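Below are the structure tokens for one structure; questions will follow.
Letters A, B, C and D mark the chains as written, and numbering starts fresh at 1 in each.
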Amino acid sequence: MSAVAEPDLGYSRTEMMIAASARGLEGATNCFVGVGLPNIVCNLAQRTVALDLQLVYESGVFGAKPERLPLSIGDPTLATGATAITSMFELFAFYLQAGLIDVAFLGGAQIDRFGNLNTTVIGPYDAPKVRLPGSGGACEIAIHARHILVIMRQAERSFVDRLDFRTSPGHSGDPAHDAARGWHGTGPTSVVTDLGTYGFDDATGEMTLITLHPGMTLDDVRANMGWEPKVSPDLGETPAPTPEELRLIREELDPRGVYAK
Amino acid sequence: MSAVAEPDLGYSRTEMMIAASARGLEGATNCFVGVGLPNIVCNLAQRTVALDLQLVYESGVFGAKPERLPLSIGDPTLATGATAITSMFELFAFYLQAGLIDVAFLGGAQIDRFGNLNTTVIGPYDAPKVRLPGSGGACEIAIHARHILVIMRQAERSFVDRLDFRTSPGHSGDPAHDAARGWHGTGPTSVVTDLGTYGFDDATGEMTLITLHPGMTLDDVRANMGWEPKVSPDLGETPAPTPEELRLIREELDPRGVYAK
Amino acid sequence: MSSKVTTMRDAVADLVRDGDTVAIEGFTHLICFAAGHEIIRQRKRDLTLARMTPDVIYDQMVAGGVASKLIFSWLGNPGVGSLHAIRRRIEDHDPEPLEIEEYSHFGMVCRYVAGASNLPFFPIRSYYESDIPTVNPKILPMTSPYDDATEVYVVPPLRPNVSIVHAQRADASGDAQIWGLLGCQKEAAFAGERVMVVCEEVVEESVIRQDPNRTVIPGVVVDAVVEEPFACHPSFAQGYYDRDNAFYLQWDRIARDPETLATWLKEWVFDLGTHADYREKWGAAHWDALRPGDAMSGEVNYGRYA
Amino acid sequence: MSSKVTTMRDAVADLVRDGDTVAIEGFTHLICFAAGHEIIRQRKRDLTLARMTPDVIYDQMVAGGVASKLIFSWLGNPGVGSLHAIRRRIEDHDPEPLEIEEYSHFGMVCRYVAGASNLPFFPIRSYYESDIPTVNPKILPMTSPYDDATEVYVVPPLRPNVSIVHAQRADASGDAQIWGLLGCQKEAAFAGERVMVVCEEVVEESVIRQDPNRTVIPGVVVDAVVEEPFACHPSFAQGYYDRDNAFYLQWDRIARDPETLATWLKEWVFDLGTHADYREKWGAAHWDALRPGDAMSGEVNYGRYA
């Protein structure tokens, strides 16, 4: 990404991302959790804005109560003490495809202005410059989870005008088309980056900057995306992480600073 | 049925049916068990000709070891001590439809000369004279179990020239057609009645009398079926139940004579 | 998590509406007779009753006048014989006709799986050369998209307005654990628009969390939890009580005669207020006689990863 | 029942043939690395390796030269990053090309379900407006037989020539019990033409029969049973040992450099005769450090009905 100085605000840009993302889970009943940041985000939300949030993992776990920060979506700490463990067939068929999943986190190597995501390949599919992991469950999660929250660090090469490959569908750019899809999911609801937070415009489905994180500027945003960003007329500032949010992240959720440093 | 005198042979006609059916399980590895007589038959076979026979129940039990004679295919004694219990979806999809079932028992209110079975209705479907239970699993069992053994008391109204309703397919009468079906099942292999035992002719798929039970005559058979029976040129006599078979039936399997009397 | 625990009376009043499609599932095991009795008692009307095996419970409900249609795959008193009240409605329209829609067992199971999975159809290799599709136009043939020569049949999803399933134990959120025969309890619960879990015991959430692989139905699909011991009688609950086979045999006699049946319904359903009255009327000795011996599962270790 | 218990060496020699499609399944949990190492050691060739998540084990096998094709849905070192040996083959054809065929997770799972069920296709609501079907012609759109406006995609059955699944325990006939994450162990086992069950412990049949609902794979589909403790390392076996995350991180470093990787394979696979040698080489302290504390399931009562 274009160099954006790390402002000395008493917290890292990653901590800001985590706190802002967790607030997006207010009111959520359950969340399909990915590994890494979404995992901390969900655990933070469980302790702040969504006390009854049930953690769902594509590995087949519903209602996980991890005693330690899971190292992957298949950590044994997710199984012990969970509410239910099911086959992956049932997790995807009976929970996800059936429309029981409220919120899911997705990310990717590339995102476009409509929230379409690429986790498959950089360059041509048959002659890849970089071979990425592929869909995993992302393709069906994007279609069936009622709300999609995207958490991604921002850079010109990842916020692109045109994806090299569309792994997971976002908005189409035609809201009438989107409404007629008949999917459970309403597509991406928000994008949280290390620079700001975005919503999606109801009329066009386009990503729209809603708040800048403290210390970030519109120029920082422009320098780190491949299209001219749409900006909310009410552009505001993201509230900084609270002391309690920072305490939870640093002392309880990621004491070794693996993810949040 | 037309009255056939119960000959005084030291065993009942039902006991003869049970013993003859059990011998048909020689070499079988597993058997889809129905309630009633097939249940005693399988338990007898486990003690005589098929020591490793695994009992499978459509209720989702594989490898049952009932401590008492089950009262239905869903008796709790089938679950306790079984090898595996599975959902009915998996029992039908992963075991039966996948071709893992070696032998299954079927019966019905009507059978025709090709082993097609009616368990649905006597009279017209929309204005039934007698409403029968319907298929249960019989329709798919008939298609997927590698061998079908039929056990039925013989009578003119049940061994009919023309079924009122074909619930479960048997042979079509055209062996070339049958071979091209691509089903796991080879269709009905034998029929054991209280009068004799039948096979099915390779060239025509037609039911053929192979043995008469002791004391029974060809006239008894003719009087109790709705078509002129095909008779094997080697027509023989069914060996009578052995003392050990009778002891097992009377003392271990059905001491109260509920089924075998 | 807020508690969903309520009484059978309130759960039926809240969840079951006239005209609904209702599935009380349980394959021989865990058939919730108590819920059926409460539906009769509350004089629900015009229900479509779905069940693989209508069993004695639907014979009672059909006799009780709550149903106008049956969806099923095997219509009998298991191990005993016929369901006489249902047969009278089908064969003689006595006292009125009963619409039927029938499948094979696998077809019914796959209807629930499709309903639970939000699939518009489910393919199975069944019904070949059977007359069943000729009397049920919802069962359709199709060829495989990969191979025109491969034919399957499809069944449509079944999404009951209300699914009622019994479990040995559940917590107050509705996370339910079942052992022994599973039938299609899970599929029916996930397929239901509204779901009632009845159980022998409401237990602490910690009991459920000790053995998460035992959980068959998660609370996320459950609307109401009712604790009702012996609610499956004369059916059984593995490890809790045996099937009351004498009653299944008795029912054959009761149901043969419409008047005897009406008397039975009055005495055992309408004149009782709750299933607790039913338990008391049978008496403690009856329940004691149905208790099995012990056959413990043993424990496994999930491991503590802290 | 005759015993199917054998050694890893004999099981791999008997069941895995050059050119086979092999699935070593296990979603993060119960990934049988020991079987992968034995396949490398026996220099099997031209295998198509199927797995939802190729993980470090397929990076090792691909580097070991056994594979010409991958079928998968997520290609990475979970929680760490890339699989470098596989990426070199795909991106740079180094040392030779590697064919790939990819799905989403749900697509892969349903391929196994179709294979396990003898279904010619499986319908799912996925792949809408995704580019995945454009690069995988086996994923086809179709409309519902009930409603032309409802589109689904179908995936074809996957029937591996050999499925290798790990379980916590199994009896000598192959009846296998698993707790914790189930992944698609059951579906992969039922889908396999030949099936190897590897387990932490071979137990008496009576242990299995005490808790039949815990049985995930029945012996009827199993050809060989291998007892091999810690066979999943660096993956984990719930209740037996933890994931060795340090090794997953280490692998990132090892696999980045082909020479370092070749040295690792020589030292840890080719120069060892068996997984017992591997266990010994790591040493007892390593295994002790991976043992979790206890978290017992509690028991349930199936009841004795005699």
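Keep in mind that, in the parts below, a contact is a pair of C-beta atoms (placed from the backbone, for glycine too) under 8 Å apart; a residue touches a chain by one contact, two chains touch by 3 or more.
Since we're looking at a predicted model, the values are computed, not measured.
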Target chain B, source chain A, minimum contact steps: 2
Greatest separation from chain B - chain, by CA centre: A
Pair with more cross-chain C-beta pairs in contact, given A-C and A-D: A-D
Rounded Å distance between chain B and chain D, as computed from the means of their C-alpha atoms: 41
Separation of chain B from chain C, taking each centre as the mean of its C-alpha atoms, in whole Å: 29
For chain A, residues contacting two or more additional chains: 61, 75-76, 79-81, 85, 93, 97
Per-residue overlap in chain C, given as positions that touch at least 2 other chains: 113, 118-119, 124-125, 179-180, 182, 186, 210, 213, 238, 242, 292, 295, 302-306
Category of the chain touch graph - line, ring, star, complete, other: other
Interchain pairs in contact, sorted by label: A-C, A-D, B-C, B-D, C-D
Of chain B, residues touching chain D in the complex: 29-30, 52, 54, 61-63, 65, 67-68, 75-77, 79-85, 90, 93-95, 97-100, 184
Complex contact set, residues of chain B against chain C: 35-36, 58-61, 71-76, 78-81, 85-89, 92-93, 96-97, 120, 125, 128-140, 143-144, 165-169, 172, 181, 183
In the complex, chain C residues that touch chain B: 27-29, 52-53, 72-76, 78-79, 86-87, 90-91, 102-106, 109-110, 112-113, 124-132, 135, 179-184, 186-187, 236, 238, 242-243, 245, 292, 295
Of chain D, residues touching chain B in the complex: 1, 113, 116-119, 175, 186, 190, 205, 208-210, 212-213, 215, 218-221, 302-306
Parts of chain C lying in touch with chain D, wherever the complex brings them together: 118-125, 140, 142, 144-147, 150, 152, 154, 156, 168, 177, 179-180, 182, 207, 210-211, 213-214, 238-240, 242, 292-306
